[in-house]
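Shared between the two complexes below is subunit A, which has subunit B as its partner in the first and subunit C in the second.
Entry: the complex of A and B
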């Protein structure tokens, strides 16, 4: 089952490779995740805002952010969440009262990738457009 | 030996016996009390020591448990830090390493922290040496912290204890991302345990119900203590005979539930101060003994003083035989009455002794008197016997002479003529008369000497008796009539006597004075009352007298001053002896003494009789009773 999915992802990457010459964002997930790709960005935003906490197969979603101030984080906030930092801060303040904390942070791309690769149900993002084998690319933001 | 001498010294006298009894009562009481007190205090000291040790052990254990507990809490907290999520990403950013190092530094950890990922691979550590994999000892498959007891650190090979906690993702509490291990050096445990000078042992009891392994000693200070007391008392908590007091911590739950802290204390050390107390008790006992001895001595001497007095007095009496000693009566008790009775007894004895001594003295005096009397009587008897023998000799002599003359006259008469023969017969007659007179005189003397019956006495007057004697004598020798003078007293001289005997006695003296002196020689006869009870008749002549040496023999029979003159004057030679016997019979005395300037005085004294006894004036011409 993993191999056909991998093939689809690589196909998608090939499809978008021409358009995304400039650095885009790759939304990545644990390679074992079974999900239909590409996952819509609105869905991804919902995951990162903790509105959606489970994958379709029922497994727990572990969203992972880059540290605040990093380029990937900034692009992700702007292009996927379509929010600025101030808006997000207000949002998390409100969420804090409901006992919810923002997603955990990995401070480097390598750490992000290692974490996603290791932790089942995890989802993250990295700059780039090249297809990856160690993680599952579930969406691409040009 | 010394003990026996001491006992002998103490029991030699009653006061000492009392003193010894008092002293022994005191000693037994005091030392029994002291020993009881000492053992009681010792037991309570040991008990409180054990309690204190228990508490101390408990404190130590609590300290240890707290320390381990704090470490466990810290480790658990660290395992839940957000950064531990990096274990999932292999700690690529070394954030976990940084966190571990910072923790070690900030908390001043003695041991090290190790973080392993879920696969057991070492991802981060606070220091120390490297190991690739999680050691089997430290594995923790559970969901909570695990305590790993004393063991050798797989990393450093040093003795440690360790805490191992599983790490779960903060994003998913069920997702195991690794293991966090904290090591804690055993030396630090020991430092925590062995803070004081006390003997401390840490035991792993194995006593937890689910773990029934044998107990073992984890640490001991000093290390040789286990060897000294042995393992048995430590495990079985039996300290009898080990010389130690022990306290142990109360078993509790928690990570170190199977640890138990033991605190030991030498009994000698615990009871050390008691030795000083015992010494002071003994000192106090000795100090108290001094006033008790003094008091006991005073008391015993006071009690037995009357006995001592009695003993002293009895000994004094026994030694000196003096019965004057008396016991002082000082009390009214039994001893006082004993002393009184003793004194009474001594009084009686003294009186009896004095009486006996007086009797003895009197007997001795009587004895002496008796002896003197016997001696005197013996002397008298001897003298009398001698006198008798002499008298017998004299008598023989006196008779032999006339008999010889008689014989001669008879021879002459046979040969002579008728006319001459007559003259011889006359002479013979004269000699026979002489012999008859001698015999008569001797008979008188013998009768007077024998005097078995006293002659009949009656009152009479001496004066007429003497007057008649003198006139009779002068009648026989008229030539001397003018020479004889009688000095009458002029008053009756009454005497109780025998007239015939008195006449004979006085006549003899008067006739001697007249017949033994020559003519014209004065012869005086003095009658006088020399005292109211004494009458005196003195015959004094102024003749040739008698030599002084002869005076005392004049009254002996046949004593003659001058033999020649005696024959010439005649007389038997026993007249004065008869005179003396008669005067003696009348209770009077006769003596001869020299008359001055010459001559002889013969003085006779008679006891006087009352005048009223003479009924009539005696007739001077009263016929003289013929002598038997």
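Entry: the complex of A and C
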């Protein structure tokens, strides 16, 4: 009971703050994830660069990207990962060959939310104008 | 199990397969790469070869159980013509390249058990044709050390890259599923080593390597190496060097010191086109002369997972390790 209320409070805080009105990014995770929020953006970047692979409870992290070319992907790449797309593509291919799975891709916001809601350990992002109650918001990028 | 089923169900509703990413089946991913190569050496037989058709499966289940397996068909000549036949090449070999499990002991420390690639330099660990600079592989990136380790390794990688990554590895006896003689130069019995890598950026790094090994003939080898990868805008510099002391133990070799280095430049002309070149000097233990080679090439990447290359290598001194001639290749990470 406490967890949904906490989520609602957090979303309300985000929605009514000036920052949320500026179309930021919500970093979202599976609702069953137990993690202290907000998760630092440096940790989120480390997750997407495959240098952190487990949540504090030991469960495997499943990072999810939007498709290349989407606005959310561009924003996330620029503001959180702070890398260029070409370099990331090479990097993820190299990591894949070395046994680390690159982020999965979901090609719409609805698909992203459905995946995050259903898959334990998953983490993704959506534009700040569309917060949802059925996923856990773990960070906000103004 | 619930997580597996949820992952599989959710994954199946999205794109199941993406070029370069492979096929996701819950916590499993199935991917691979192919490399089709046309070789036109100036004084030898010409050929069109399937250099590699590789399949690898990655599994991520929990902190302790993360298996990986890679098998490949390699060295298969499809067409050969002209020149003198090289009977050591072209019949095709089926290989178990890697078979290991990763256990994440902490966020920064991984224990790997099984058959793995030895971390000597950068090229050996990412040697898939679509990922490396050129179709022709510099000899120093594979020829004079144990490319594989069957045993254990411990890898430390700081999640925030504040301190250098390092890896220690150990093979007590023999290579599991040893590669046949026609595609390997030295066969190693015991191997131990370390690699330290200082991350300078997403792809940029500076590394040093050490490897102590004994081959099946009883030759002891102590290797020291260095590697770098550095990006300056559209220009990328990279290279590797090794220096090995060979203790022959009664085995006749041409020299007691084996060394090699390659240094490469590549320039991204556009997002898809690049030009590149490298120089290599290689003093092989079996040859009294030092080979000197230069290579120039052009690459077209219609997407990150696919590359077409055309390159020319010229031997400019010593007994060649890689033959002078033209090479064209088409490599796909699928």
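Keep this in mind: the second predicted complex is superposed on the first by the 121 of 142 C-alpha atoms of A that agree within 3 Å, B and C clash if a C-alpha of one lies under 4 Å from a C-alpha of the other, contacts with A are read in each partner's own complex, and residues count from 1 in each chain.
We take it that contacts are C-beta pairs under 8 Å (C-beta built on N, C-alpha and C of every residue); 3 or more make two chains touch, one makes a residue touch a chain.
Keep in mind the model is a prediction, meaning the values are calculated, not measured.
By the touch criterion defined above, A:98 lies against subunit C but remains apart from subunit B after alignment on the C-alpha atoms of chain A.
In the superposition on chain A, A:54 contacts subunit C only, with no contact to subunit B.
In the superposition on chain A, A:90 makes contact with subunit C only, not with subunit B. When the shared chain is aligned, no partner comes close enough to touch A:74: not subunit B, not subunit C. After superposition on the shared chain, subunit A has more residues touched by C, the comparison being subunit B against subunit C. In the superposed model, A:42 makes contact with subunit C only, not with subunit B. Contact with subunit B, but none with subunit C, is seen for A:110 once the two complexes are overlaid on the shared chain. Overlap of the subunit B and subunit C contact sets on subunit A: residues 60, 62, 104, 106-107, 111, 114-115, 118-121. Interface of subunit A with subunit C (complex): residues 42-43, 46, 49, 51-54, 58-60, 62, 83, 86-91, 93-94, 96-102, 104-107, 111, 114-115, 118-121. Of all residues in subunit B, only 82, 85-86, 88-90, 92-93, 95, 169-172, 175, 177 touch subunit A in the complex they form.
Within the complex formed with subunit A, the residues of subunit C that make contact are 2-3, 6-7, 9-11, 13-15, 18, 20-22, 24, 27, 29, 31, 33, 56, 58, 60-63, 66, 68, 100, 102, 104, 107, 125-126, 128, 130-131, 157-161, 202-203, 231, 271, 304-305, 333. Of all the residues in subunit A, the ones that touch subunit B in their complex are 60, 62, 103-104, 106-108, 110-112, 114-115, 118-121.
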